[in-house]
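For reference, the structures are reproduced in the following blocks.
One chain, chain A, appears in both complexes that follow, with chain B as partner in the first and chain C in the second.
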Partner chain A sequence: MLHRIEVVVKNKHGVRDPEGETIHRHLILRKGYSEVKSVRVGKYIAMDVEAETREQAIDKVRELCERLRLYNPIVHDVEVRVYG
Partner chain B sequence: MPLTTEEVEEIRRILGREPTLEELAMFEAQWSEHCSYKSSRVLLKLLPSTGRHVIVGVGRDAPAVELYPDTAVVFKIESHNHPSAVDPYNGAATGIGGIVRDILAMGAKPIALLDMLYLGDPGNPHANWLIRGIVRGISDYGNRIGVPTVAGDTFFDSRFNRQPLVNVACVGVASRERLVLSSPRPGDLIIVMGNATGRDGLLGSSFASKALSDNVDSDIGAVQVGDPLTEKLLIDAIQVLVGEKLVSYIKDLGGGGLTTAISEVAAEHGLGAVVHLEKLHTRQSLSPLELLVSESQERMLLSVEPEVADRVAQILEKFDVSYSVIGHFDDSGRIRVYHGGRLVADVPARDLAKPKAVRRDSRPPNEALKGLQPLTRLPTPPNLKDAILKLLSSPNTASKRWIFEQYDYEVGIRTAVKPGYGDAAVLRLLDGSCRGLAVKGDANPRYTSLDPFTGAANTVAECFRNLVAVGSRPIAIVDELNAGNPEKPEHYWYFEMMLKGVAWMAGELGLPVVGGKVSFYNEDSQGRQVRPTATIVGVGRIRDVRRAATMDFKQLGSLIVVVGATYPELGGSEYLSAIFGIEEGEIPRPRPATELRNAKFVYRAIRRGLVRAVHDISGGGLAVALLEMAVRGGVGFEVDLSKLVVRGDGRFDEILFSETQARYIIEADENAVEELIKYAQLMGVDVSIIGRTAGGGRALLRYDGGSITVELDEAASLYERSFEDAIEGGV
Partner chain C sequence: MVKFPGTNCDEDVFHAARSVGLEPEVVWYKYFRPSSWDAIIIPGGFSYGDWLRAGAIAARTSAADSLYEARDSGAPIMGICNGFQILVEAGLLPGALLPNVGGRFVCRWVKLYVERPRGPWLKVLGDGDRLDMPVAHGEGRYYIDNESYYATVVKSPVLRYADGWNPNGSIYNIAGVATEDGAILGLMPHPERAYTDLLAPRGFTPGGKILFKSLADSLRKGW
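Showing the complex of A and B:
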């Protein structure tokens, strides 16, 4: 069975995100959306994974993210979840 | 590296009381190896640092050298080895940010970046990930601030798999009157401009002053993220501030953060300072200690007379650069730091800025004997054609297109000689004249790990040759010495010998070493040092960039001239390493007098228009150099190596792949040869006419009783493709 798995990579809490800060400060706040208090930018990856269960699909993706260095565990938090 | 018991004792003596927590943190940051050079300062004095072109030498954020009477070049080198081992992308990117700000501090406009990368085996998954991250970090940051990466150097070896060496350099130019050469005066305001201070990079210098721990996660505090947009704003704002002569001094907030910046400025000018920490703009609520030692990136310190402070503020606001006026300099000689009205630190600037220099113990390890061993038993020569092709495919030789094509090397249209075509990059001044400059970075980690003195001397000579080979006159160099743990005598010895090698060769060649950096603790978690490496970046003056020489063969039927005699010198060569996996033996001898003579000859030949192409002979020897010229130009050649001037009685592969110094290959028009030979005889330079460029798409190398034929297509495809394949494939 095919499962759509989503991966979101973003800088860890406590690690700066200049891209998010720039969008926030130089675009959003400048255009008057002062109710927006912070912006974080990350990377979104969607994968369709063949596996018997969702859990197996998630485990597989988690493993490949780690092994193939789709993120740097020292800098990034990774969230692996099922679509929908 | 925490302070030692003796150091804490010393601090008590300086203050005459128990230090506060804030004071201890300031001393820890400033007395770290990274900021204080405590283990290297005694020896660094050996470097020849003065010369008639030197405007500002060692001491400021970056040195300035007279390029032309009206124009100065400002350039500096920096390492970001430790941050890049933990977070290759951001580690390398923030290295670029730091070195650019050093150039800004002199009031110069940054025009070019160089990256000297000594990296692991591309086939190793971890090293491969580091390589990709480092190159992308440099290219993203450099491209976004609009400064082209024009040149560099690379070397790949498994000993760099976990701890790579990332050395970056920046070159800037300024008219002489724009250079910020003034000093801060008592009463000048201290302004911090740029990014808000945060908890990122807390005590990063202290982190760089110890070996990598196995548990890198615990080093999270030292992770910093590059912010090229803010950097670009700093660049633009400083150009305006300097243009209007509004600042008396500029300094980068780098390693050691605010503490280092203020204590160094104050100590250097016999001043003191009063600082109110609560005035600093911050990203989050920080303790006074954190404010003092945070190494948040993209921040700079300005010293400004109170009368012009409003105008400075106006300009910073116009550029949308955040800033805060945090205090002023005075003539007390003490740094007084307040937080919310409370005095948290009160230390004498001089004592803080300069801890006692340490003369470290230094002792050669047994392993160093490998570099003294004459090569008496060479392995049986392989098929020489295969060996040539294998060398052309080695990541150390093959084209680095995969790297430099990620860089926007043409932004700013200054680049007159593109990466891959010249031994050095050639840049236009863009002032309406044809004047320009050449710049190149070099190192040979294999040489310096076999014989640090000779290897470092050869690196200075190689940089010198590269600058000459494009037709420039070398005027100054900076050095970066990457070494192991200075507390271990057998590591420190490599540092000491590299430094002495640089000092000796630079002195002999008349090249002032105007600045540099030292990076210690480049060892893995088992305490093994990576290859000790001396990196040299040099700048040359070129009066007419249109006459710059490139290495590609231009025409059929030109004569091929080798400048310099060849000795059988295979120790530490790319040939022995790539073909046999052998790394030992005496490395090639530095020959400074020959180096100067041959350089003068080549420089004159280029200026007189007697050459079509020039290439210096280095890793891989004559065979590789000839093929590089052929592949680049798409023109083949036929040479007879029995015509080569050879000293000693070497085997043919020894001649073909020897890495003897002070040699160049010239492509010359037939009509120019008479004049070339006349000059050579006058100047006492060995030259040999070994053959001609030729069509037919092949390279033919004859020698006594045999010949090697290499198809140019095959060589070109291996040369162009191998490195990319090594990076992209098989991992």
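Showing the complex of A and C:
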């Protein structure tokens, strides 16, 4: 069975994200959305994974994220989740 | 010199290396065997189009895997610009390189100075010596956490941007780092674009040739 798995890669807290800061300061806050307290831009990767269960699909993707360094653990946090 | 798909500074490095009497060759990454060479340079460019992250895909090729053998044998390895990005992505040098803090590609000459120069690439320099070279990169913001910085970088040779010359927001003005013995060096500035007077604009002196000279001298006499 095919499972749609999503990988989101974001800069860690403490690692500056100039694109997110610019969108926040120069677009969102400038247009009055002061309730938005922070903005982070990341990378979104969607994968269709053949596996018996969702959990197996997630485990497979987690493993490849680590082994192939799909994210850089020095500067990034990664989130692996099922679509929907 | 290892050439990956998207490497584009190999010819410039070739000329710079030849200018000091070295005998360089450009080797396509699929045919690269480190044991055949006295020293290895990974030139700049945009390997794999900088997709995923600059250097991230090249760092997972078998050519990059073979660099660990080269490291273990003590061979001199230098990564320039994208080559530096590949070396940090491969874990051969500490830290990471992030998109510039200004959000844009920067291409200009900068002033640098060196600390604790040693090893094949830097041995002919003195502590604090100043060097000028151009940078040209979109992802050159060096980042390292404090713990690793004090555990590695402060004991090793390092190149820093002089005050006011940091083009990308690098932490501690870091332009280049090396292993403790200096055998592996990575730097964002381009020594090959600063190997002769003709290349240096007014107000700058060509600070790149000394690295190639240092290598030539080291390969003859040791380091």
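One rule holds for everything that comes next: the second predicted complex is superposed on the first by the 84 of 84 C-alpha atoms of A that agree within 3 Å, B and C clash if a C-alpha of one lies under 4 Å from a C-alpha of the other, contacts with A are read in each partner's own complex, and residues count from 1 in each chain.
Heads up, the rule we're going with is that contacts are C-beta pairs under 8 Å (C-beta built on N, C-alpha and C of every residue); 3 or more make two chains touch, one makes a residue touch a chain.
All values reported here derive from a predicted model rather than from experimental measurement.
K.L.:
Is A:His13 touching anything from chain B or chain C once the two structures are fitted on A? First, second, both or neither.
P.N.:
So A:His13 meets neither chain B nor chain C here.
K.L.:
Pick one for A:Lys37: touches chain B only (first), chain C only (second), both, or neither.
P.N.:
After superposition on chain A, A:Lys37 lies in contact with neither partner.
K.L.:
Quick one: classify A:His26 as touching chain B (first), chain C (second), both or neither.
P.N.:
first
K.L.:
Is A:Leu70 touching the first partner chain B, the second partner chain C, both, or neither of them?
P.N.:
In the superposed model, A:Leu70 contacts chain C only, not chain B.
K.L.:
Residues of chain A that sit at the chain B interface in one complex and at the chain C interface in the other, please.
P.N.:
Common interface on chain A, chain B vs chain C: 11, 15-16, 18, 22, 69, 72, 74-75.
K.L.:
Residues of chain A touching chain C in their complex?
P.N.:
11, 15-16, 18-19, 22, 68-70, 72, 74-75
K.L.:
Using the touch rule from the top, collect the residues of chain C that touch chain A in their complex.
P.N.:
52-53, 56, 59-60, 89, 95-96, 98-103, 143-145, 169
K.L.:
If we count contacts the way the header does, which residues on chain A are in touch with chain B in the complex?
P.N.:
Those residues of chain A that touch chain B are 11-12, 14-18, 21-22, 26, 69, 72-75.
K.L.:
Mind listing the chain B positions that touch chain A in their complex?
P.N.:
It comes out as residues 86-90, 129, 133, 198-200, 216-217, 219-220, 223-230, 283, 320.
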